[in-house]
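Naming follows writing order (A, B and C), and every chain is counted from residue 1.
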Amino acid sequence: MDPAAHPDGGVAVVELADAVAVLGRFPALAGVDLTVGRGEIVLLRGPNGAGKTTLLRLCAGLLPLARGTGTVVGCDLRTQREAVRARVGLLGHANGLYGDLTVRENVEFWGATVGATTHEIDASLERMGLAARLADVGVSRLSAGQKRRTALACLVARRAQLWLLDEPHAGLDAAGRDELDLTLRAAVAAGATVMVASHELERAGSLATRIVDVVAGQVQEPSA
Amino acid sequence: MNDPSPVTGTSGHVATGVWRTARLIAGKDLRIERRSRVIVNQVLPFAALVMVLFAFALDNDDVLLRTAPGLVWLGTIFSLLILVQRSFAVESADGALDALRVAGVNPAGIFLGKSLALAVQLVVLEMLLVALAMVLYQAQLDAMGAVLLVTTIAPATTGLAFVGTLYGGLAAGARGRETLLPLLLFPVVAPVLIGATRATEAAFGAGSAAIDEGWPWVGVLLVFSALFGVGGTLAFGPLIEE
Amino acid sequence: MQSPAGTEAGTEAGTDGRTGNRTTDRHTNGNEDSAHVATTQTPPTASGSAHRAAGSARAGTGTRFTRVLGVLTIAALAVLALFALVLSPPDVVQGESVRILYAHVGTVWVAYLAFIVTAVSSGAYLWKRTSSLTWDRIAGASAEIGVLFMAITLFTGSLWGRITWGTFWVWDARVTTTAFLFVTYVGYLAVRGLGGTHEQRARRSAVVALLAVLEIPLVHFSVRLWRSVHQDASVAGSTDVKLDDEMLFTLLLGTVAFTMMYVWYVLHRQRVLAMEDALDDKGLDLALAERRNEGLEARDMTEGTTR
């Protein structure tokens, strides 16, 4: 089953019903009900251990669904996990980059996994402000913020429809964080959907279109 | 940028094709090695050192000459362990193995690509060890022997690369798993050790083995390679899956 | 949650509540009926599947079939001991040491049987149409006892070799392959212990088991080809002995008795594994409930209202 090629605004990008995900024996997600529409920027808010990271990994298709049902970018989380992965980009605490390669080589590699053209690679680098000085620098020599931008460029090159970001602002200075927000809004304008797990509560107003609380493995819309 | 969704094959993986993926990943692994030079700077010297230590332990020129083929392949197998660990350390350093899975890359492609890169590294290693055997242990190689040796190295290397990548994928990542690698890997490489050593004995003419005796062993190595090439391609996906 | 294991093992479900007997047998000297050692845990009463998995209304993994089998096994082992140690004659050449073979041959057979069962069960698990965690548990139980029988095989074989030929070890294909099989099993059990969900464990170990099926024949063949070059002059190289009827009977009886013991063990053990898995699932239910309560409390605290 091929998911919608051009999802319109009404199609849900994420639909979870009573989703349970376990880490070892522990039910990190204890029954999540969540719907995210296309073009939203959802901020996942919650204390450590609440399950934000697990929720993102579940939506990325990395973790199996222990109970409940879920559909991400039109693909069922039980039966079509590979298809989910192909369309989703996850930026976790690690960047998924190869330190010994340059920025351009990393973006080329990840882009090549979906058959991206050189033009698209260049466009991705441009978008992240990496084209000029940094394109041929080894990733291990970049600052945290620059590595983040490189990882995001890889997401762009992979044409990810859903961006899942785990504490992306961590380790960035104020300017870096503003840049990141701009990038995310631009991505959404171009058709992506974003879910961000963050402690950055001040961002709530400026960045997110919607805030969701993650508490003890479950999701609540804040009453305020 | 209203991009169409990535074209996927029936399995749901991005349809970049298994071979293309394999070449992509092999190229990436080899390029990383070219940049970081970990193998060249650390593993090859280790292997050379092992050959020297063998000489200390065996302490007898005749014995060394006779056992030279065995020592070459023993050295190879010990180094294989480190090469495999390195191959997967490159991925887990920054969560890249996860990233490869998230990217929906076909696991068969990952398997073949990493095996290819590992095989290239192994060949370099083996040539070094053969050279050292000739220098340190006085092993000798004539033209026919060289032909046999080359045709031995090919399937032996691919066989080792396949099983190394396969079990390396299983042992990678989670804590307490890396120590599993030798336990799982060494029993499996035994046929390669036996076959490659016997064939190399024939190639060196060591222990009064004639060249002809080596060829059946090349056949054994080919079968091993083929079986684990296919088996690994099928098994790698389920093994690294969470 | 997986379907209960007890009824799928091909046995009748009994309703008797006696706990199953666990015997660990290292000699062929017959079996002391050890005190009823409970090999099971009492499953939480709310979990019906654990009860069904046990195949009885009360705690335990015993059923009528396994009890009958158990008694027959003990009887067979007793008869075996009688024949092996007393009634069968000493060998013309080897003397009394031939008696070790009565243990050895049976355990070799069971060890390889266990290997085959593990491999077939692993395949059955991976095959979409028959996929069920029961196969995984059978594979695991079979491997566990397989390791034990492997160890006994190697030990008794080594002992017999020492007495008969003067060497503890001989590098022929059969012996070496058996040793490799032993190590491979140990690795397989280590992989089973890696953790994760039941499905992850099952899939991972099933793949490893099937790879072992590839590997073992290759090892055997390589070693045989290798040793055919060397003339094993000093060593007989064969366990063939001139058998008279009583010895043959005792050997076959040994094989049958050990096979019965193997089946008995695997049935019990895979039920225990099923119960452990059910306990995990039950544990998950409890943990889920706990975590949801946590959430409710947190919500109540922040909002000061009761839902």
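As a convention for this text, a residue touches a chain if its C-beta (ideal position, glycine included) is under 8 Å from a C-beta of that chain, and two chains touch if they have at least 3 such contacts.
Remember, it's a predicted structure, so these values are computed and weren't measured experimentally.
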| Top chain pair, ranked by number of contacting C-beta pairs | A-B
| remark: By C-alpha centres, the chain nearest the middle of everything shown is B
| query | Which chain lies the greatest distance away from chain C when centres are computed from Cα atoms alone? | reply | A
| field | Whole-Å gap between the CA centroids of chain B and chain C | value | 34
| task | Quick one: report the Å distance separating chain A from chain B, using the average Cα coordinate of each chain. | result | 36
| How far is the middle of chain A from the middle of chain C, if each middle is the mean of its Cα atoms, in Å? | 46
| Residue numbers of chain A (touch at least two other chains) | 64
| task | Scan chain C for residues touching two or more other chains and write them down. | result | 196, 200
| Which residue numbers or ranges of chain B touch two or more of the other chains? | 242
| Where on chain A is chain B touching in the complex? | 2-6, 60-64, 73, 75, 80-90, 92-101, 105, 109-110, 112-115, 138, 158-159, 161, 190-191
| said: Going by the contact rule set out above, which residues of chain C touch chain A in the complex? | reply: 195-197, 199-200, 280, 283-284, 287-288, 291-292, 294-295, 298-299, 303
| query | If you look only at chain A, which of its residues touch chain C in the complex? | reply | 20, 22, 24-27, 30-31, 64, 66, 215-218, 220, 223
| said: For the complex, give me every residue of chain B touching chain C. | reply: 166, 170, 174, 176-177, 180, 183-184, 187-188, 190-191, 194-195, 198, 213, 216-217, 220, 223-224, 227-228, 231, 235, 238-239, 241-242
| remark: Listed in rising order, chain C residues that touch chain B in their complex are 126, 180, 183-184, 186-187, 190-191, 194, 196, 200, 203-204, 207-208, 210-211, 214-215, 218-219, 221-223, 225-226, 229
